[in-house]
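Quick heads-up: structures coming right below.
Here come two complexes built around subunit A, the first alongside subunit B, the second alongside subunit C.
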Partner chain A sequence: MTTLYAILLYVATLIFVLGLAYRIYEYASVPAPLKIPTMPAPLTRKGVVLRILGEVVLFQSLFRSNKWIWLFGMMFHLALWVVLLRHLRYFIEPVWTWVVLVQPLGKYASFVLFIGLVGLLIRRIVVERIRYISNPSDYLLLILLLVIGSSGAMMTFVKHTDIVQLKAFILSVMYLELFHWQPLPLDMPLLIHLAAVISLMIIFPFSKLLHAPGVFFSPTRNQVDNAREHRHVARWAIEKFETSST
Partner chain B sequence: MKIRYLLNTLGQLGIGILFSLVVQADEPVTSQHVPIPDPPEAKQHFSAEQACVEPVDIIRRNHGQFLKHQRDQTMHNGVRTQQHSLVECINCHVTPDDKGNYPSIHEGTQHFCRSCHAYAAVTIDCFQCHASKPEQATASQ
Partner chain C sequence: MAKVNFETPAFRPYPLIPALQPDVMKGEGPFVAKPNMQEPLGYPGELLDNWQEVAIAKMGELLKKYRSFRVFLDACVKCGACTDKCHYLLGTADPKNMPVARQDLLRQVYRRYFTWGGKLFPNLVGAQDLTKEVLDDWYNYYHQCSQCRRCSVFCPYGIDTAEISMAAREIMDCVGKGQKYCNEIIGKVYKIGNNLGLPEPALRDTLAGLEEDIKLDTDVDVRLPLNEAGAEILVVTPSADFFAEPHIDGLVGYAKVFHQAGISWTLSSHASEAANFGMFIGSYDNMRRVALRIREAALDLKVKRIVFGECGHAWRVAYSFLNTLAGPFDFLDQRYPIPQHICEFTYDLIQRGALKLDKSANDHRRITFHDSCNVARASRMGNIPGGQFIIPRAIIKATCNYYYDMPADTIHDQTFCCGGGGGLLTDDLMELRVKGALPRMEALKQVVDNYGVTHMAAICAICKSQFTKVLPFYGFRLDQIVSVHQLVSDAIILK
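The block that comes next holds the complex of A and B.
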C-alpha cells in the first residue's frame, strides 16, 4: 500500500505541476486581441493590480452580483487556505513557528470549509438556472472536495491516525527515498483522504479548478481602460503586420 | 483480434502489478535522510506481551483521548486509576540522561512527549500544571 500511494503521489504531482505550468503558459500566450475591460475599469496599471487583488482576495464582482453565493464561496476558500497552511506541518521539519500557531485553527476551519461546500452543492441542485448548466464534473469536484474535507475532519475529530508515521512517510516521499519509503499508516479515513487528494491533483489541470490561475488572465479584468490614450494592438498582430511598434 | 488479445494481456499484467503493490508487506525501514522522532526507551514493559498500557498502534493514535477520559473520570467522578494516568506515563517514559538530568519539555527532542509533539506541530498544555518529570525527580528538586 505504501508503494502504491507513493508512486501515485509522484504521478499526481507530476501531472499537477506540469499540467498547471502548461495551462499558465497557454493562458499567457493566447492572444487577447480586443480591448474589453468591464466598465467601470481602472485607468492605470496600478488600478488594475488593485482590481485583480480585490477580485482574488475579496471576490468583488461575485459580491456585487450575489451575496449568498459570495458568502459560501468565501467560507470555502478562506477555510481551505487555513486548512492547507495547517498541512504544511507534514512537509517541513523542523516546523516553522507560525505554522505551529496556525495549526490548531485549521481544525475548526474544516467545519467552515464543510458548510461552504455544502452551500455551493445545494446551489447547484436547488437553483434551477444553475442546475440547468451544471455538468457531471461540476458535481464531481464538489463531491471530491467534500470527501477530502470530511475524511480529513474525521481523522482530526473521530478516528485518529498515526500522524507521526504519516509525516515520516510524506518526508520519505519528498526526499525521494525510492522504494525505501517509510510505511504509510493503514487507516481507512487516511487512505480515502489521500486517494481523493491524488484524484483532485490529477483532475486539476483539466477542470474548472483552473479558475485559480485563470482569474489573473481574464481580459475583462486585467486590462487598463486606456483605449482612447493608446492604440491597442495585440502582440501577435504587431509581429505579423506592423514593422515599427509605436 | 490480435489487438484485443494484446490489450487483454496488458490489462492483466497491469492488474497483477497493482495487486502486488497493494499486498506488499509494509516493513518499517530506518532512514538516514528522513527525520523521524526517536523518543527514549521506557523504563519497563506493561506486561510480557504488551509494551505499553495499550497496544502500541492504539496508544500512538489515541493517547490524547485516553488522557482526557482519565481526567474526566478523576475530576468529575473521583475515580483515580493508574492505567491511563499522566503521572504514570511520565514516571515510566521520561528518563534521565547520563548525568542524571531530566530532559526539558520546552526545548530539544529528548523529552518523550516533546520528541513527537514538536515533529507533528501539536502543542500540549498538560505541563502548564502537571509535572513533566517523574515523581522522584520533582520531589528531590
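The block that comes next holds the complex of A and C.
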C-alpha cells in the first residue's frame, strides 16, 4: 500500500505540475489580438493588478451578480486556502511558527468548507438554471471535494490518524527515498483522503479547475484601457498584414 | 406596427427570472447569406461538403489566435452567475439564451475534439460530436446574441459570450453558412461605401436638403460638407444618420455644433459609414478592411482629426480597435484623442462655455438616457474610466431641464441591450428583437410612471432604429426615442 500510494503521488504530482505548467504556457503564448477589457477598466497596469486581486480575493464580479453563489463560493475557497496552509505542517520540518498559529483556526475551516460545498451542490441540484447547465462532471467534482473534506475532517475530529507516522511517510516521499519510504498508516479515512486528493491533482489540468490560472489570463479583466494611446497588435496580425510598427 | 405571429411579453410586476421553457426559440435562425453575399467577403458560397472538417480546423486556428476564446472555453466553472443576466433569456425564457448555455453550444464541441476529457469521456463532461443538429443550433442561437457583453460584467472570470458568438459566426462563415443581413451589408460597404448602399450623388442631395431645412428653421447657413479636402475634421457617422428618424436630427445637431465651434469639417463618401459589421461576424480580416476605409479617407482628405458620430458598435471599433486595425495615425494632430467621439467634442465645447444653449427649448421633454452596450461596456469617452456614462448625461443635462435615470441596475455597465444589436437588426428576427427588449422596456416604464419621462435619448444608430420598431409593441410611441445631438440641436442658439 505504501509503495502504491507513493508511486501514485509521484505520478499525480508530475501530471499536476507539468499539466498546469503546459496550460499556463499555452494561455500565455496565445495572443489577445484586440483590446477587449470589460469597461469601465483601469487606465494603468497598477489598476489592472488591483482589479485582478479584487476578482481573485474578493470575487468582486460574482458579488455583483449573485450573493448566494458568492457566499458559498467564498466560504469554500477561503476555507480551502486555510486548510491548505494548515497542511503545510506535513511537508516542512521544522514547522514555521505562523503555520502553527493557524492550526486552531484551520481545524474548523473544514466545516466552513463543507457548508460551502454543500451549498453549491444544493444550488446545482435545486436551481433550475444551474441544473440545466450542469454536466455529470460538475456534480462529481463537488462530490470529490466533499469526500476530501469529510475524510479529512474525520481524521481531525473522529478517528485520529498517526500524524507522526504520516509525516514521516510524506517527507520520505518528498525527499525521494525511493523504495525506502516510511510506511503509510493504514487507516481507511486517510487512504480515502489521499486517493481523492490524488484524483483531484490528476484531473486539475484537464478540467474546469483551470479557472484558477484562467482568471489571471482573462483579457476582459487583465487588459489596460489604453487603446487610443498605445497601438496594440498581435504578432500574427503583423505577419499577415505586414503592418509596420507595433 | 407590423403584423406578427408572436406575443409581446407582458411587463413583470417584479423582475422575476422566468422559468425555463426549453426550445421555445428553436428555429432556423435568420435568413442565410446567398453565394453572391458570401464571396465578396472571402467565404464559400454554400455549406461545404466537408464543412465539419473545416469547422474543426477553423476552431483549432482560432484557439491559437485568440486568448479570449482559449481561456473562456476552459475556465467556465458552470457557477451559474451569468444565467439570468441576458436580456434574451429574460425575454424568451429559452435556456439556450443563458450566456453559459450559449457558450456551451461551442464548448461541447471544443471538449469533444480538443480536450482529453471530451475525447475519453464525452458523456461525463457533456462533449458532443459536431453534427448537423449542432450546427443548426449554432446558427440559430449565435444569432440570438447581440454581443452586448452584459454577461461578461457578471462572470467571475469575465467570460464574454460575445467573443464566443463572434468566433462561432466566423466558423460558420468559413464553412459557407453566413447570415444574410450582416454579410450583405458588408458587401455594400465594399462596393458603395456604406451599409445602406447610398451612392455619392444621393448623399450629396440629402446633405443639401438638410442644409436647406436648417436654413428654413434657423435662418443660419449651417453647412454639411462632403469630400472637402483640407477640412480640419473628418466625421464618420452611421449611414442611418443620413435618412432615418431620429438619427438625422442628431446629424443636424453635429452640424450645428461644428458650425458654432467654427471648425471646418467634412464627411467622406468613401467612408460614409461608421458601422463596422466585420465585428459582428467576428472576422478580423473583414473588420480590418472596413476600418481601413477610414484611414484612406482621412489621408485623401488631408484632415487633422477624426470624429465619430453616434453609433455604439462603431464607437467600440473606433475606440478599441481602430488604432490596432488601421493605425498608426501619426499623420493626425496628436493633441486630440484619435479618434474622438462627437459627445467628447461637444462636451469639451460645453465645458469651455463655447456653446450657447437654451435648455428651455427642450422643456416639452422629460428625458432618460439609454446606455448603449458597446459604448458602456466596450469603450470609453473622456479621460477617466466611466466617462462614457458621465459625458452623454452631462450633455443632456446641459440641454434639458428634466433628466431622470432609469433604475441603477439597468444603466451604466449594467445596461440592458436594446435587443437589436450585434447584427440582429433585421426583420427576420423581429420576434427575438421584441422579446429581447423587455428588460429595457420595463426600466423605461418605471421612469415613465414615476417621473413622467416622455423621451429616451440614445447615442447608437442600432438602438435608435430598434426602439423605433419595438416601442409600439410595449405601448409606447415610436417617436419617444431621440438622438442626444437632437437635444443639442434644439437647444443650441446659433450665431
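Note that in this section the second predicted complex is superposed on the first by the 236 of 246 C-alpha atoms of A that agree within 3 Å, B and C clash if a C-alpha of one lies under 4 Å from a C-alpha of the other, contacts with A are read in each partner's own complex, and residues count from 1 in each chain.
Note that in this section a contact is a pair of C-beta atoms (placed from the backbone, for glycine too) under 8 Å apart; a residue touches a chain by one contact, two chains touch by 3 or more.
All figures in this text were calculated on a predicted structure; none of them were measured in a lab.
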{"item": "Partner chain in contact with A:T44 - subunit B first, subunit C second, else both or neither", "value": "neither"}
{"item": "More subunit A residues in contact - subunit B or subunit C", "value": "C"}
{"item": "Partner chain(s) touched by A:H180 [first = subunit B, second = subunit C, both, neither]", "value": "first"}
{"item": "Partner chain in contact with A:V95 - subunit B first, subunit C second, else both or neither", "value": "first"}
{"item": "Subunit B versus subunit C as contact partner of A:A227, first or second or both or neither", "value": "second"}
{"item": "First (subunit B), second (subunit C), both or neither touched by A:L4", "value": "first"}
{"item": "Partner chain in contact with A:V164 - subunit B first, subunit C second, else both or neither", "value": "first"}
{"item": "Overlap of the subunit B and subunit C footprints on subunit A, listed as residue numbers", "value": "none"}
{"item": "Residue ranges of subunit A touching subunit C (in the complex, touch as defined)", "value": "23, 26-27, 30-36, 38-43, 55, 59, 61-62, 64-66, 69, 73, 123-124, 127-130, 132-138, 140, 206-208, 210-211, 214-215, 217-221, 225, 227-228, 230-234, 236-237, 241, 245"}
{"item": "In the complex with subunit A, residue positions of subunit B that touch it", "value": "18, 21-22, 24, 26-29, 31, 33-37, 57, 60-62, 64-65, 116, 118-123"}
{"item": "Interface residues, subunit A side, partner subunit B - complex", "value": "1-4, 7, 89, 93-95, 99-100, 103-104, 160-165, 167-168, 171-172, 175, 177, 180-184, 186-187"}
{"item": "Interface residues, subunit C side, partner subunit A - complex", "value": "17, 19-20, 63-68, 70-72, 74-85, 95, 98, 100-101, 104, 115-117, 121, 123-126, 149, 152-160, 163, 284, 288, 319-321, 323-324, 327-328, 337-339, 376-380, 384-386, 388-389, 413"}
